[in-house]
Amino acid sequence: MIIRGDEPEQIDLLKKLYPKGNYFMQGDEAIAYGAIFAGCRFYAGYPITPASEIAETMARELPKVRGYYIQMEDEIGSIAAIIGASWTGLKSMTATSGPGFSLMQENLGYAIMTETPIVVVDVQRSGPSTGQATKGAQGDFFQARWGTHGDHPIVAISPISVEDSFWETIRAFNISEKLRIPVVLLADGVIGHTREQIRIPDPEEVEIVYRKLPKNEEEAKYPFGDVDGSLIPPMPLFGHGYFTHVTGSTHKETGLRDVYTPEVHIKLVNRLHKKIEKHEKDIEKWEEYFTDDMEILVISWGVSARPSLGAVLKAREEGIKVGLFIPKTVHPFPGKKVKEFAKRVRAILVPEMNLGQLILEVQRYVNDDIILKGVNKIGGVPLTVEEILREIRGV
Amino acid sequence: MRKEVLISGFGGQGVILASVILGRAATVYEGLYAVQTQSYGPESRGGASRAEVVISDEPIDYPKALRPDYAIFFSQEAYQKYLSQLKEGATLILEKDLIPHRNEEVEKKLKLKVYALPLTEIAEETTGLSLTMNILTLGLFVALTKIVSRKAIEKAVLDAVPKGTEQINLKALYKGFELGEKALKEEL
Amino acid sequence: MYLKLSYEIRDKYLRKDMLPTIFCPGCGIGSVLQYTLRAIDELGWSKDEVVWVSGIGCSSRVPGFVDFDGLHTTHGRALAFATGIKMARPDLKVIAFMGDGDTAAIGGNHFIHAIRRNLDVTVILINNFTYGMTGGQVAPTTLKGLRGTTAPYGSFENPFDIAELAVAAGANYVARWTVFNYLQGINSIKKALQKKGFSLVEFLSPCPISFGRRNRMKTAPELIKWYNKITVPISKAKKMSPEELEGKIIIGEFVDRDRPSLDEEYEEYKKRAKKMMGWE
Amino acid sequence: MAKEIYTKYKMAKYLRKEALPTALCPGCGGGTVLNAFANAIDQLKIDPKDLVVVSGIGCSAWIASPYFLADTLHTTHGRAIAFATGVKVGLPDKKVVVISGDGDLAGIGGNHLIHAARRNIDITVILVNNFIYGMTGGQVAPTTPFGAKTTTTPYRNIEHPLNIAEVVAEAGASYVARWTTAHVYQLIESIKKALTVKGFSLVEVISQCPVQFGRRNKMKEPAEMLRWFLKNSIPISKAKKMSPEELEGKFVIGEFVNRQRPEFTEELNKLIDEVAEHFGLGDE
Amino acid sequence: MRYPFPVGKSDFIQGDEAIARAAILAGCRFYAGYPITPASEIFEAMALYMPLVDGVSIQMEDELASIAAIIGASWVGAKAMTATSGPGFSLMMENLGYAIMTETPIVVVDVQRSGPSTGQPTLAAQGDVMQAIWGTHGDHSLIVLTPATVQEAFDMTIRAFNLAEKYRTPVILLTDAEVGHMRERVNIPNPEDIELVYRKLPANEEEAKYPFGDIHGDLIPPMPIFGKGYRTYVTGLTHDEKGRPKTVDAEIHHKLIERIVNKIEKNKKDIIDYETFELDDAEVAIVSYGIVARSAIRAVKMLRGEGIKAGLLKLNVVWPFDFEMIEKIAEQVHAIYVPEMNLGQLYHLVKEGANGKARVELIPKIGGEVHTPQEIVKAVKRCEKCI
């Protein structure tokens, strides 16, 4: 029996196991609980710092809700197993950090090509290579976007706090299920290991989505066809007698391989991209502060967002007209919004824990008549409010 | 001078090898520029096979054939698929026995110069080996088009064929030359 | 056999500026490292002719502490890196110092293929039944029913027997001991180091912090006592039935043979290539 | 456009007609394997609706993908068994079968192979061993016999082939057998057993690739390769009495193990039940 | 020294073959690989040549192992290379990061095919450009070269080795199935005429103590290779100048990564290579790289023929990227067109470079075929009309 996560028995079980109220937990744990609330019932993983706590929480909690935790022989096997499980109808997740994420790139491309809903958590740590294993970073921003080969779209979400980790994980599952696409949750070692207060809601308060299934045999014949004009094909699960064929090679709407006809490839890959554009509204999410009268804009994401907010609040106290924009969905990047803001400010600051990645994305939407400056820090220690404030004052 | 040559048939007929020999003759032995490209199916035997050679006296920018000046087809599939892509007035060599269905209309419309011969059969008669059909066709092609010299193609053939088969392949090549001369004199 | 005092070994082979090591009290890695260094010492090898390679994990930090050329690589890939070193410089001796997760989980494929090729390296394997560095998750070596942070209810999987696997894949020399088997350990390492081709010496090694603690064996002595209980010498094991061997781990020398190593074969290969092309 | 297939071949009902003809070269052993598999399914009266067939990349991965009419998952190179692990856990009541090649399953995917055997997960693997990477043009594989010529060992292979059946048996599989494409009936019987055994089962099929392997090793014709298989096949009972030297270059055929061991998905579900009971979460 | 192929004359060979021959001439003596279409021909040529020149060619169990083996070989002093295509390149990402972090000179060839995933294995694409630049995790920099002809594939392979050795960094030779499989004439020079670079070695024991220290002020530490008695320790963990792991010190991490990034960034002038065609008086620019640049040249001729003042910038190196040069071009022209065999990758970098000073338009094409010159002309004309 495949559990979707919204069955009454499951809701009762969640209520019994995790009664509504305040908890004190790590970001990693919040991601695990978010996944369980989102209906995730299959997890395959491999130990890696600083993501192991997600695996450990899943190992402890999943069996309680009749979910499966398995530990694979490596990260390549982990992402492969969750793709396999997803085709049987289980909402599936894996979690890792930079080195493991590098290993998953090939099969991440497979999930994109086969439109398999999965959630991949990358708890970013300081790299390249093994780097500083226990330290947080935001260095995988572009890897999440461009890490697998070939032309592909991607959705990546980055939470900014422990509580946010819970809710953004749920959102990651919902987007993934709705659009039949892998979603990358770009968490980081700082939040992952930080303990904070978080409110666990009643399961009824959580809106969850399950993939669209074929209505009939006829629809099931086109696992990769735009049968209803939404660009998202219904997903004929394995084991229902549909005889579905799934391949990472270029395929027709029926799923059958055709690797020589350019038109087949063009149609498929274009639809993969367009389904993201078309459902932009379901995907995009950001927070903005003081953007009405701002002269300076701070754009920040993930772990750097909170010190940025602190700095903006302090600067406001000092009378500096500064605003803040925090994209929660970082890929696709909300460029239109940034373009609009850029017309109204004289400077944009981009604080992040790397040597400048989001800033390159911002640059595409900004003309050079304004100041664009990164506030960068690597080495595993998050940016402080003071460091960002100093830069705000500087412009 | 930019000349585009398209050769197509199925795997095992020596399509690719013929195109390589032609390109080699043009570049290494004639000092021209040439680009050879190819595409084939996943099967190593029996799938569709297609090769292009672009030959020019100046560096070649776009490397693929856009409107072939010359074409050689060894299969019905190739004929049907690519016939309409040929340039007006193009020269076309066909393996007659393997292409039973012809499209006179298109051939006429494009004013093609068509030479249809039972190439495999002739090769078999000449050398006892149907495999030498591709070399024989090259000989025919060079005699008809003079795109490279006979000396050049001969040297390129010798470079490319397996050791011990040189004489048999030259025999096929010369037979091709002979057929080409006859064809030009319209004796065929 | 004259045994040098341990400080002599320490002073001769360890990088002073890297000490102390990162290993927890009660950890078995230090002992195995000492056996390895003693074996090298007794063989009279120069420090300049040996390269140490490792992957990721507690055991893999060892090459950082010893005063040799050392390549500390990515998780599971040590033997693949070692292949490059050995094949490009066959005159160098290569020691891969590895853990069980590194060798048998993520690196399992490189392990069996390096053995199949008979790559001339000596693997010193620390098997502590757990991922120590990441906090005590279960490994493919964890025995059924034992706990780890990712098996809070006890492992339900069948474990690997790495030594047996190495024998099946074709290794030239394979032995397994516990860290308690002091002399056998040193002797086995000596044999392994001198062996051309792939050699493996596996040590059951205590990890009281990440493994023992979760399995009611908080200290190294408790773990060693447990090892003594579950290990059976190979000579005795041969006379036991599969049922009697259930839950036991066999120790001793598993195989000792002399198939030609990859670099030796490659030397021949080069000669043959030149002959076939008429170069010689 | 679906082509009409006119055939009296009984097993055609198990094939996706619109995907035919297969892309396998003439003389390839893949057809024999597909036929044997279809016959095993037919004889066991398994409904294809209860089957999921998983494969990786390579010629042998194409034997059942997409030609076999069941749910078919064609995955990335070497990872078929890892994908299949997820499928089996999600659908413990279905038969999950992996059909792929030696390079795919034992080369790049060797780790997943031994780990699945260790877990003893109830998957049937039909490993088609043709000693070569056929699709990419005939490179050496970890199964290529010592001394054979390939495009990446032009001066002959110096590595020893991996003894897949023995390694998998050692790693903990419930059922392991090896046959060649010249032993069709035994092969069908073994596939049937493998499908019925609870736990990880491996049927290794030594198969001919006349184009990429045979041609470079003086066996251009498929029949020559089959003769080679027959001449060098040694039943396992006889092989046990032979020395390693005598066995050099031989193919040991037969059943290597057939045993009962705890199975992964059963153990996993048992664990979940125990946890539910322990926390009082069982069905009230 | 005897070579297993003719030198000092021209030959008619495939791009893949040219890469293999160039590698041998560049001094590459270690190759590890794994079969994959359309890069297998490189491996097959290496397998044929290596034993004859006393080098090693070995087939590993997968692509992870292939790149690992060449890094190992590089640390014992061998010039080393591997070649692959998209799926294998994805698998190499982790160890590519390791090579960057440990400053190991290696050359990785990616013969691009159409993706994502298994995609169209025999057909060309330019879909891995951003992956080559950003595919491994963490902050980093490296060098990416893009040949457009078989001759360039040959020349750039030699350059790739020279740059890798000079800057102690992995270099990616990013070619594609089209260049890899096409045959053209290649002039293979006499080995004496080829300028080769070998990594800087420590001058003495003292220098060897700092395998990761900027002891010469040029950001590139000498490389104390193994087996010379230096007893070097190499780790992918954050390390100090001596190579000792220092994983909690933010200062040391910053210093290391900044130097790794800067040794590329500060030497941009030396690394970057491009060609221009009719660009001086152009009002419309086309920025292109790899195989598509050949169509673009023809498109420029055709556009000029129709009275549109077009010019071409052909990039031979796509990373490091010369943002400033693009900005300069953007100041001169009113529009920049970027034809790519993908749905927009290098286009993003061009757009960043243009800085809003000129319109930047993408001319995408996927499906395995190269843009025809007409397609580029048509796209340019359509846009030029719409203004």
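Residue numbering begins at 1 within each chain, and the chains themselves are lettered A, B, C, D and E in the order written.
Just so it is clear, a residue touches a chain if its C-beta (ideal position, glycine included) is under 8 Å from a C-beta of that chain, and two chains touch if they have at least 3 such contacts.
Predicted model only: the values in this text are computed from it and were never measured.
Asker: Which interface, named by its two chains, has the most contact pairs?
Answerer: A-E
Asker: From subunit C, which chain is the farthest off, judged by mean CA positions?
Answerer: Centre of mass proxy via C-alpha means gives B as farthest from subunit C.
Asker: Find the most central chain, measuring centrality by the gap between its CA centroid and the centroid of all protein CA atoms shown.
Answerer: So the chain sitting closest to the middle is E.
Asker: Using CA atom averages as chain centres, what separation in Å is found between subunit A and subunit B?
Answerer: Measuring from centre to centre gives 55 Å for this pair.
Asker: Just give me the whole-number Å value for how far the CA centre of subunit B lies from that of subunit C.
Answerer: 61
Asker: Could you tell me the distance, in whole angstrom, between the mean C-alpha positions of subunit A and subunit D?
Answerer: Distance between chain centres, rounded to whole Å: 37 Å.
Asker: Just the number, please: Cα centre separation of subunit B and subunit D in whole Å.
Answerer: Here subunit B and subunit D have centroids separated by 43 Å.
Asker: At which residue positions does subunit B touch at least two other chains?
Answerer: Touching at least two other chains: 39, 41-42.
Asker: Quick check on subunit E: which residues sit in contact with 2+ other chains?
Answerer: If we look for residues of subunit E contacting two or more partner chains, we find 51, 61-62, 64, 87, 94, 98, 117-118, 122-123, 235-237.
Asker: For subunit A, which residues are shared contacts with two or more other chains?
Answerer: Residue numbers touching two or more other chains: 63, 73-74, 76, 99, 106, 110, 129-130, 247-249, 259-260.
Asker: Under the touch definition given earlier, write down the residues of subunit D that touch subunit C in their complex.
Answerer: 107-111, 114-115, 118-120, 142, 154-156, 158-163, 166-167, 169-172, 261-262, 264, 267-268, 270-271, 274-275, 278
Asker: For a test of understanding, state which residues of subunit A touch subunit D in their complex under the given definition.
Answerer: 2, 13, 16-17, 42, 44, 63-64, 66, 68, 70, 72-74, 76-78, 80-90, 92, 106-107, 110, 238-249, 254-257
Asker: Subunit E touches which residues of subunit B in the complex?
Answerer: 20, 23-24, 27-28, 33-40, 42, 60-64, 66
Asker: Under the touch definition given earlier, write down the residues of subunit D that touch subunit A in their complex.
Answerer: Of all residues in subunit D, those touching subunit A are 16, 18-19, 48-50, 52, 54, 65-66, 69-76, 79, 82-91, 94, 111-112, 115, 268, 271-272, 275-276, 279, 281.
Asker: Please give the residue numbers of subunit E that touch subunit C in the complex, ascending.
Answerer: Residues 2, 4, 29-30, 32, 51-52, 54, 56, 58, 60-62, 64-66, 68-78, 80, 94-95, 98, 226-237, 244-245 of subunit E touch subunit C in their complex.
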